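In the two complexes that follow, subunit A is the common piece, with subunit B as its partner first and subunit C second.
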Partner chain A sequence: MATIITKEQQEKEKMVTLVSSDSEKFVVEQKVAEKSHVIKMVMNCCGIESPIPVRRVKGDILKSILEYCEKHSKGEAQEVMEKWDKEYMDKAEKDLVFFHDLMLASHFLHIQELVDLIAVTFAGMLKMKSPEEIRQKFNINNDLTKEQEEHIMTTFGWAFQPI
Partner chain B sequence: MEAGEAMLRQLIGQIQELCGSPSLDRNQRCYMLNLEYNVLEDSLSDLVAERKPGAPKLLDSDKSPPAKKSRGEKVCENSIAASSSTEVMDEQIWKDFPEDLIEAVIARLPIATFFQFRSVCRKWNSLLTSPSFSEQCADVPRVNPWFFTNHRHVFTGAIYDPSLKKWHHPVFQFLPVRMATLPVASAGGLICLWDVNQLNFYVCNPLTLSFKGIPPCSDRGLAPAAVGMVLNGRTTSSGYKLIWLDCNGDHQVYDSLQNTWTCPGVVPPSIKHQLSLDLRSQTVSIGSTLYFMCANPDSVVSYDAVSGAWKRFVIPSPKHLTDRTLAECGGQLLLVGLLSNNAATCVYVWELQKMTLLWKEVDRMPNIWCLEFYGKHVTMTCLGNRGLLMLSLRSKRMNRLVTFDVSKRDWQRVPDCSFHHEKMRFWDSIGTAFFPCPTALP
Partner chain C sequence: MRGSKASCISMDRLSKKKHSLCSDGFDRCLSKLPDNLLLRILSLLQMKDRVRTGCLSTRWKNLWKPISNIDFTQTNMHKTPELIAAIDKTLSYHDVLQSLSFKEILGISGSPSVSVTDLTFETEFWKCNLSGLVYVLRDFSKLEVLTINVMRNHDNKSGDFYKEEKSGINAYWKPDDSSVLGLQQHLKTVKINGFLGSLDTSAEFETTTESILNARDTEFVFVKFLLRNLTELETMIITITEELDNFPALKKLDILSQLSSRLLAFSKSSRKAQILINPDQLTDA
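Up next, the complex of A and B:
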C-alpha cells in the first residue's frame, strides 16, 4: 500500500511546462500533456525538464485545450464526460474564431478525441447549409459541368428530397 | 492501426535523430506519404525546431509541400486578425481551412447531406474514391443501422433512415425492372441481393448504387436457405465473404478478393440433420461468426467463417413462440418472436444468457400497440436484426412497421413508405439492416 502511494506521489510530481506562442506559461501534469500525441513524443525524446514551446498555439487556445486534456485524463464515467464535452463545445461554438483556432490547434497537437468532437460539432453546424453556402464559406469555385451536376441530381436524387 | 503504430515508432526515431544530431542533412529525412503523419511530422518538427535552437532549421523552407495545406501558421494569422471583427472573420477564417480537416468534418455529416454536398465542386464529388476520406468514414461510429427493404416479387427497393425517420427511394438502374431480388445479408455498408429467377447474387452499396454481380457458384440451381456476409477486415477494402447454405447445411464460401467460391468442408453430421433454415429467419453475424436458428431440438448453430468451425448450442425456445428470428445487439444474441395468449398477440424480445444458455425476456411491444391486433391472426417478418430491429407485423387488413432500439428499450412506429402503401394488399416484403457507408465498394 505504502509503495503505491509513493508511486502516485511521484506521478503527481511529474509536471511539465508548456509555453504558448504569446509566451504564456502553463504548468500541467505529464499525463495531461500526454493527451497530445505530439507533445508526448517531444517529452519522450527530450524529457520534461525544460519548458516545451508550443509556438503555433496562442495562450487562450492552449488554456482551453489543456482544460480538455485535464478533464479527459481523469477517467470519469462516460455520461459525465459526454455532458462535459457538450458544455465545452457549446461554449466553444459561441465564438467561431475561437472554435476555428481550437480545431486547428487540436489537429496540430494531434489530440484525436478533441478533433473528432469538434468535427462532429462542426458537421452539425454545416448540415443545414446549401451547397452554394458551403462554396462561399470555404472559398470553393464550382468547377462541375452542367452534366456532372445533373448526374449527381439524378443518381442521388433521393438525398435531395425534402424531409 | 498497426501500420500507424509502426509509423509512430519510426517518427520517434526521427525526433531523436533531429534532437540528437544537429548536423543531420535535411535530405536524409524520409518523407511519409500518409497525410496524417505528414501533418504529425510537421507538428513535431515545428516543436522540436523551436526547442533546439542550436539545430539547423530543418523544415522552415524548401519543404516539399504536402498535398494538404499546413494549418499551423493560420492559427496565428487568424488569431491576430480575430480581434478586428467577428462577423467579418466568420466569412474569412474558413477560406483556407485545411483539406484534411474538411474531410474529417464531411465524414461526420448526415448521409443525405453528404450526397447533397457532392454538388459543391469536383473535389467534393470525388471524395468517394479518396483513400484518406475512406479512412475518415471508417473512424466515424454509426450508432444505428439503416434498413433496405423490397417487395418479394418486384424490385423496387426502399431505404429507411431511422435518425430522420425517412424513407429514401434510390433508383436501381443497374437491375432489370422486373427482376425479383431479395436482400439476404449485409456487411460494412454493402448488401447482398439474391436474384430469385437467375439464381445469382449481387452485392451493392444502396447509397451509391455501385454494384457487382457475383459469379455463380457450382451448386447453381439450388436456392440458398441462409446467406451470411462478413468483412475480412475493418472496411470493405480488405474484402468480404459470403456464406451460402442450402437447406441441408451444405455450404460454399465466396471471397471477394479471390472472386471465387470454395467448398470449405462438410457440416458435422450431428449438426447437419438438425438444420432447418429459411431465408426469413435471418442470420446474425458477430465478428467472423455466423449464427443460425435451428429446430428439433431448439438450438442455435454457429459457423466461424475464418476457422470453419461449427458449433451447436441447445437453447429451449419460449413455449408457443411463432415467427421467431435471431437478432444481435453489441455482440449479444437476441431472439425476437410472437407469443399469443388467447386472442392477444405480442412481440417479445429475449436475450441469450451465456452462462445458463437460456433466453431471458428483455422487453415486449407496448400493450396499446398489441391491442390493435387483438383477436386477429398476426404474422411477423424481421426486416433488420442489428441493434435497431425493424419488424413488419401483418394481419388480414392491417400492417404495421415498428422499430425497437435494443439498448434504449425504445419502440417507435415507422412512417408509411409510399411503395409499401401501394403494395399493401400483396404486402410481403423482406429486408436487411445495413450500416450506411458512402465509401463501401462492392
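Up next, the complex of A and C:
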C-alpha cells in the first residue's frame, strides 16, 4: 500500500548523518541530533539529506555526546535518567582531558541539559577544596604574585579558613 | 531501534582512548574555556568555594566577581558581625546582585526553619549596594526589624566598583522594581543610622543645601523605595550622621529641614507608617 511506503520513507528521512572533525560518521535519528541547538539550526536551514559536518568535535567526543542525546530523547522516567546521568558523568570525569573536551563540545553544540550536567559535576570537583588542591587536580599554574595572593587572602579571609 | 544501532556507542572504549586536543595539559585547556561556561560552573558553588577560586591564577582572579547570585549558606562563620562584614565586602564587588542568601544566620538560632526577624546590615550606600539591599529584603521575608548602618566612605577602598558609579543607578537597579512588593509582610521597623553618610563638610559655604543632599541621592532613593513598598511599616527611624555637626548651626538647621521635607514628601503604602528623624536628639533638646 502506498501509505506504508510513505511511512517508511518518513522513517528513513528522520535519519541524519553527522561527521566529526576526524571524519568519523554517525547516523542518528533526527530527534537525537536535535538535542543540539546548533545541529537543529543547521538541519532546519540545510535539511538532513547531506551529512552535517561537526568540525570542532572529534569522533570519540561526538560519539559520547550522541549517546547522551539518544538516551535523553527517549523520555524515560526521571529516576532512570538520573541514575544514567550519574554513571555517564562518573565515567567521563575519570579522564579530565576527555571531560574537558566533552564540556567544550556540549557548550559549542548548545546542548543545555548536558552543559548543566557537566557544570554540576565540575562544580562538585571544586567543592570544599583548598586552592592548592584544585591547582594540583587540574594542573593549574599559579601565576599570581605573592602580593596579589596575599591581598585576596586578606580581603576574603573568611573564605580561606580551614574547611 | 534503528537509531541506537546506528550510533552504537560504548563508553568503555571511550575512556581508554587518549585525547590529544589538549597537548599542553589540562591547565591550558581550562584557561581556554569560555568565560560564560566557567561562570556557569562557579555560579553553582557556595560562596566560600567560589571566592577561593579567585586565588587559583590570574585567569580565575576576577572571574567569580560578576556572578549575580550569592550564597553564604555553607560558610562556617558563626559570628554575625563576621558574616556581615564578609557579605558587605562581597556586595561591594557586585553591582548586579540577583539573589543573596546567607542562611548561616538562621543556623545560629538553632534551626534553619526559623527565619531571621532582626537584621543589621552595614553599607556605604553606594548605588552599587542598592540592588543588594533590595534583595536582602526579598530573601529575608520574615524580617521585622531592619537596621542599616551607613558607614562613612573610606578613600582607601578604591577599586573597580567605584567606576560603576558613573553608569547610573538604573544600570543595575530600577527603583520601580516590584519584585519585593508584597513579600515584606512583617517588616515594621526600619532604622537607618548615619543617614547622609559622610557629607562633604569642606565646602559648606559655597555649596547649597540642595546639592549637598543631592550628593547622597542614593539614600533618598532607597528610603523612597522602602516607603512605597513596605505595606506594614510602622516606624522608620532615621538618625542623621554626626558629620552634620561640622556645619554651622544655621546650615545644619537648613539641611535638617530640607531633608525632613524631602523624606516626608515620599508616598507611603502603609498608613501606619511614621518617620522619625533624630528622635534621640529631639528628646535631648
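One rule holds for everything that comes next: the second predicted complex is superposed on the first by the 118 of 163 C-alpha atoms of A that agree within 3 Å, B and C clash if a C-alpha of one lies under 4 Å from a C-alpha of the other, contacts with A are read in each partner's own complex, and residues count from 1 in each chain.
Please note the rule applied: contacts are C-beta pairs under 8 Å (C-beta built on N, C-alpha and C of every residue); 3 or more make two chains touch, one makes a residue touch a chain.
Treat the numbers as computed from the prediction; the structure is a model and nothing was measured.
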On the A-aligned overlay, A:L144 touches which partner chain: subunit B = first, subunit C = second, or both, or neither?
both
Classify the contacts of A:V97 with the two partner chains as first (subunit B alone), second (subunit C alone), both, or neither.
both
Contact-wise, after the overlay, does A:T155 reach subunit B, subunit C, both or neither (first, second, both, neither)?
both
First (subunit B), second (subunit C), both or neither touched by A:V115:
both
Touch check for A:E70: first (subunit B), second (subunit C), both, or neither?
second
Check the residue A:H107 against both partner chains and state whether it touches subunit B (first), subunit C (second), both, or neither.
both
Quick check for you: in the superposed arrangement, does A:I134 touch first (subunit B), second (subunit C), both or neither?
both
Does subunit B (first) or subunit C (second) touch A:L126, or do both, or does neither?
both
Do subunit B and subunit C land on any of the same subunit A residues, and which?
58, 95-98, 100-101, 103-104, 107, 115-116, 119-120, 122-123, 126-127, 131, 134-135, 138-144, 148-149, 152-153, 155-156, 158-161
Where on subunit B does subunit A make contact in their complex?
8, 11-12, 15-16, 19, 39-40, 42-44, 46-48, 50-52, 71-76, 78-79, 82, 86, 89-91, 93-98, 100-102, 104-125, 139, 159, 164, 166, 168-171, 209
In their shared complex, at which residues does subunit A touch subunit B?
21, 37-39, 41-42, 44-46, 50, 52-58, 61, 95-98, 100-101, 103-105, 107-110, 115-116, 119-120, 122-123, 126-127, 131, 134-144, 148-149, 152-153, 155-161, 163
Quick one: which bits of subunit A touch subunit C in the complex? Just the residue numbers, please.
11, 15, 26-29, 32, 58, 60, 63-64, 66-67, 70, 88, 91-92, 94-98, 100-101, 103-104, 107, 115-116, 119-120, 122-123, 126-131, 134-135, 138-144, 148-149, 152-153, 155-156, 158-161
Mind pulling up the subunit C residues that touch subunit A in the complex?
2-4, 6-7, 9, 11-12, 14-15, 17, 19, 21-22, 25-27, 29-30, 32-34, 37, 40-42, 44-49, 51-58, 60-61, 75-77, 82-83, 85-86, 89-90
